[in-house]
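Below, each structure is written out as structure tokens.
You will see chain A twice below: alongside chain B first, and alongside chain C after that.
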Partner chain A sequence: MMKLNSTGQLVLILVAVAYLLGVYFISSPVWMGFTINALIVAVLALSWNVTGGFGGLSSFGHAVLYGTGAYTSAILQVTYGVNAWVALVAGIAMAAAVGGFIGALAFRYGVKGSYFALVTLAFAEVFRICAASFDFTGGGSGLQLKLAPGISNIQFADRTVLYTFLLAIVVLVMLLTAWIKYSRFGAYLVAVRENEDAARALGIDTYRIKVLAMAVSGAFGGLAGVLYLQLWLFIDSSIAYGSSVSIEALIGPIIGGAGTVWGPVLGTLGLHLIGEGAKTLLSNAPGLNFVLYAVVLICALRFMPNGLVGLAGRIGPFAKKESKDA
Partner chain B sequence: MSTLILPAVISGLMMGAVYALVALGLTLIYGVLHIINFAHGSLLMLALYAVYFLNTYLGIDPYLAIPIVLPVFFALGYALQRGLIGPMSSGSEQNVLLITLAVSIIIENLALYFWTSNTRNIDIPYVYDTVELFGAFIPFGRVIAFFGALAVVPLLWLFMAKTRTGSAIRAVAIEKRGAELVGIDVNHTYAICFGIGTACVALAACLLLPTFYVTPQVGYTFVLVAFTTVVLGGMGSLVGALVAGLLLGLIESLCGLFLGDSLGQIGIFIAFILILLLKPSGIMGKAP
Partner chain C sequence: MLEVENLSKSFGGLKAVSNATLQVPEGSIVGLLGPNGAGKTTCFTMIAGFTKPDSGSVRLRGKDITGLAPHHICNLGMIRTFQIVQPFAGLTVEENIAVGAYLHHHERKEAMAVARDVGKRLGMGTLLDRPASALTIAGRKRLELARALATGAKLLLLDEVMAGLIPTEINEIVGIIRQIRDEGHTFLMIEHVMQAVMSLAETAYVLNQGVMIAHGTPRDLVRDPAVVEAYLGHGAAQRLQEDDHA
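Showing the complex of A and B:
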């Protein structure tokens, strides 16, 4: 699933894998708990990576996909008593549909660049206000799932089992990302990012490719939302559609390396480690982890344009000058 | 029903004028620097806090705070562009958007940390004296905000048309390389422009706070409305921003009247999506 270009990248990935496996042996509920959160955000980051990384379609409103997945699943389970696994699939499908719909609308009218970022942001905001105002979404008080541990309800009493489950999902989404990357679809998507006019001139149906990318991104993002719901058993409009979700979606991939398989996961894990460290040092002050994320983001934009993966790619005996593969 | 509609129209226009003022700064920055300044709303929030603290701890009337807050925020905007956004973005549109987003995250979360998420407002009794306008009773503070915001457009226009700095800004906006060749300091002009945009926000804060409130999150709502205003008015057009601001105030107020208060802003965002899709050049803008 990866084509390594340098020892730097290999070391980076080995450190991450060692950390993810190490969590099993540290047996500290704090480490486990925060890594569980980071894994869910990593799925969201991988979702942003499909459009923002491969396609160069930078979204500022990925919360719209995450929230739709979470709300679809919650409404089905709470109101209609549907099985959690069925609700999971429905959440993913619904988020993919919303992603495809937004993409179809935006790309039909040739929205691109910063305008695309603003359109997605506006959609997230419209969904947030609707979720807070209508009755079937629980309005301002949100939706609460019944506590019923058991694999058939995707609720895990044992944290180690939950952790393994999430780890398996992250690996699965990474495998799918790698598959996209090396598929014809991925190549088309990168072509759209690099030069859309040229891609179209070569006969690529760029509109279809971009809408498809939004739908795939929607599926991943919806999955992340459902996972959040299954973990916390509660969502409301600002948890599901809030701007902080959209920010978390884009910040990990950009810092880790957009358009790579490992970048979004590495970036998200790294950021959460920094954020958690800051929380411990500064006695749990609200919002300070986001301040740190933003500072890291500015530094990353300035000093490592291809993210951690790009930076690591330049270290070691087989290093290429600028490498994005990992 | 008509007895309800007219007051809604008037109070919508009053709010719209403030939207227009906030958007003026944003459209000026876009028109010259060609960047979308995501931190605009957070700067408004910061200015609202400045006015709040000046009033609460020093007893300064928010309207008399204008000569204090305005230069401070001009300097802040200048420094932000010159010291951070300019050098850090390496010129890419995508990076600028992300860097201003990062700046807004930093400002908002620091505000949350230092000032907590409590809603604060100031108590100036006279701003709630009502004025009767076409049968609608409007708080005096809203009327001041309306005319204050309206007055800024001709002033800004005069500044751009008649002063040397204004000419330099226009020159840089039209032809950056050419302006550089005739000896205009482009980075300085960019920063001046960013400073003026930020000063607009400070003025809006002084006019807004007497009849409004401040929380660390207040900027987020305004920045979205301001984007809508700027896009609807045509990126870079001052008159367009004014017309669009008034229009959006009207839309919000009428949506609030017909759909209920919590859904009022949905009209704005749907308008935003429709404009971005159908006519991204806006009502007064040139074709992109």
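Showing the complex of A and C:
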């Protein structure tokens, strides 16, 4: 699922895999609980990676996709008594549709760069305000799922089973990401990122590719939102559509390596480890993890433009081939 | 193969191209000449669908393609290159060419194989794994040509692929273009390098201040007073003639 091209990348990935498997053996509820959260964010990061990483379409409002997945599933389950798995699929589909719609609208009018970031941010904010105002979204008090453990409800009484479930989903989304990366669609998306005019000349319908990327990103982001809902059984407007969600979506890929398969996961895990460490050290000052994220982000942008994966790629290269695979 | 009729385009008050008409027969190499700012690149952007002409029509193999999007036109077998080269800087040479090859080869393996093949044919075999950003200007010009060729397009619009090259590089690319033509391609090329146009093009058009002022074999064109005036300024033709007689 990936081409490794250096010892550094191999070591980096082995460490991450060892950590993810190690969680089974440490049997510490704190570690497991924290890693479970990180895995859900990793799915969100992989969502941002499709558009922001491969396509260079930096969204600042991925909460709109995450929240739409979560709300769709919650409304279907709470109000209409729909099965959780069906609701999960509906959540993914709805988020993909919203992603495609935002893309279709923004790219029809040639919105680019920081304007695209602003448009997505605006959508997330509008959705947040709507979710807080309407009755069918539970208004200000949010939506609460009934506690009913069982596979058919996607609720896991056993944390180890839950962890395994989430790990499997992360692996699945990584496999899909790898498939995108090495497909025609992925090549076209990267071409759009690198030079849109050249892409158009070479026969690429760049509008279609970008809208499609938003839809795929929507599907991944919606999935992340549904997973959050199934874990906590509760959402409200700021949990689902808050800007902190949008920030978490982009920070992992940027630190880990945007446009790579492992980068978003590595970045998210690393970041959460740092955030968690700081929280325990500095006795739970709320919001402090975001200050720390900002510092890490600035350092990452300054010192490792291609993220952890890019940095590791320079350590002990296997061959002289210079590309950013992982 | 390509028929352009009365193409016009204005930018604000400036008439960049007015009533340009030209024909490119299948299998030929046709030149498009003219001083800087004459409107040559603007012609290309209109023909290839990057900007809509104010008036006029473009027909490819008899089909009206005026105003079609560039990707449609490329699918119909016509492609342009850029005077200011536009590589996918973060990708390798092979990956760059593969983006073109993907148009008709949807599988990665096939697209990569086509890319390597085209790269080798254009003498870029040793550069395939290099990042495009590491290429020299000659390399980048050649990459433009390789990518365009990999799409399978039969009609190539080349915008100054020889500008900025040294004579040996020009000779190489002239040879390559002739070889590609013999394999069944057609060229319309904007070129400043007269030596290249003289040795490649069967016919050429000359554009000056947006107006097509001459059409003929390159040999005729260099003797055409209107062409000489356009390049060397008003009165130049007469001065040259006087020099000849003296």
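Quick note on the criterion: the second predicted complex is superposed on the first by the 320 of 326 C-alpha atoms of A that agree within 3 Å, B and C clash if a C-alpha of one lies under 4 Å from a C-alpha of the other, contacts with A are read in each partner's own complex, and residues count from 1 in each chain.
Everything below uses one rule, namely that a contact is a pair of C-beta atoms (placed from the backbone, for glycine too) under 8 Å apart; a residue touches a chain by one contact, two chains touch by 3 or more.
Predicted, not measured: the structure shown is a model, and the values here were computed from it.
When the two complexes are overlaid on their common chain A, residue A:114 makes contact with chain B while staying clear of chain C.
Of the two partner chains placed around the shared chain by superposition, chain B is the only one that A:129 touches, whereas chain C remains out of contact. Contacts of A:188 after superposition on the shared chain: chain C is touched, whereas chain B is not. After overlaying the two complexes on the shared chain, residue contacts for A:15 are found with neither chain B nor chain C. Of the two partners, chain B and chain C, it is B that touches more residues of chain A. Of the two partner chains placed by the overlay, only chain C lies in contact with A:206; chain B stays clear of it. When the two complexes are overlaid on their common chain A, residue A:198 makes contact with chain C while staying clear of chain B.
Of the two partner chains, chain B is the only one that A:301 touches; chain C does not reach it.
According to the touch criterion, chain A has no shared surface contacted by chain B in one complex and chain C in the other. On chain A, the positions that touch chain C within their shared complex are 182-184, 187-188, 190-191, 193-195, 197-206, 320-324.
Residues of chain B that touch chain A in their complex: 36, 84, 88-90, 93-95, 97-99, 101-103, 105-106, 108-110, 112-113, 220, 224, 227-228, 231, 260, 262-263, 265-266, 269-270, 272-273, 276-278, 280. Residues 58, 60, 105-106, 108-109, 111, 113-115, 117-119, 121-123, 125-126, 129-130, 132-133, 243, 247, 250, 254, 285-288, 290-291, 293-295, 297-298, 301-302, 305 of chain A are the ones that touch chain B when the two sit in their complex. Partner chain A is touched in their complex by these residues of chain C: 48, 50, 69-71, 74-75, 79-82, 86-92, 95, 98-100, 102-103, 106-108, 111, 129-131, 134, 147-148, 151.
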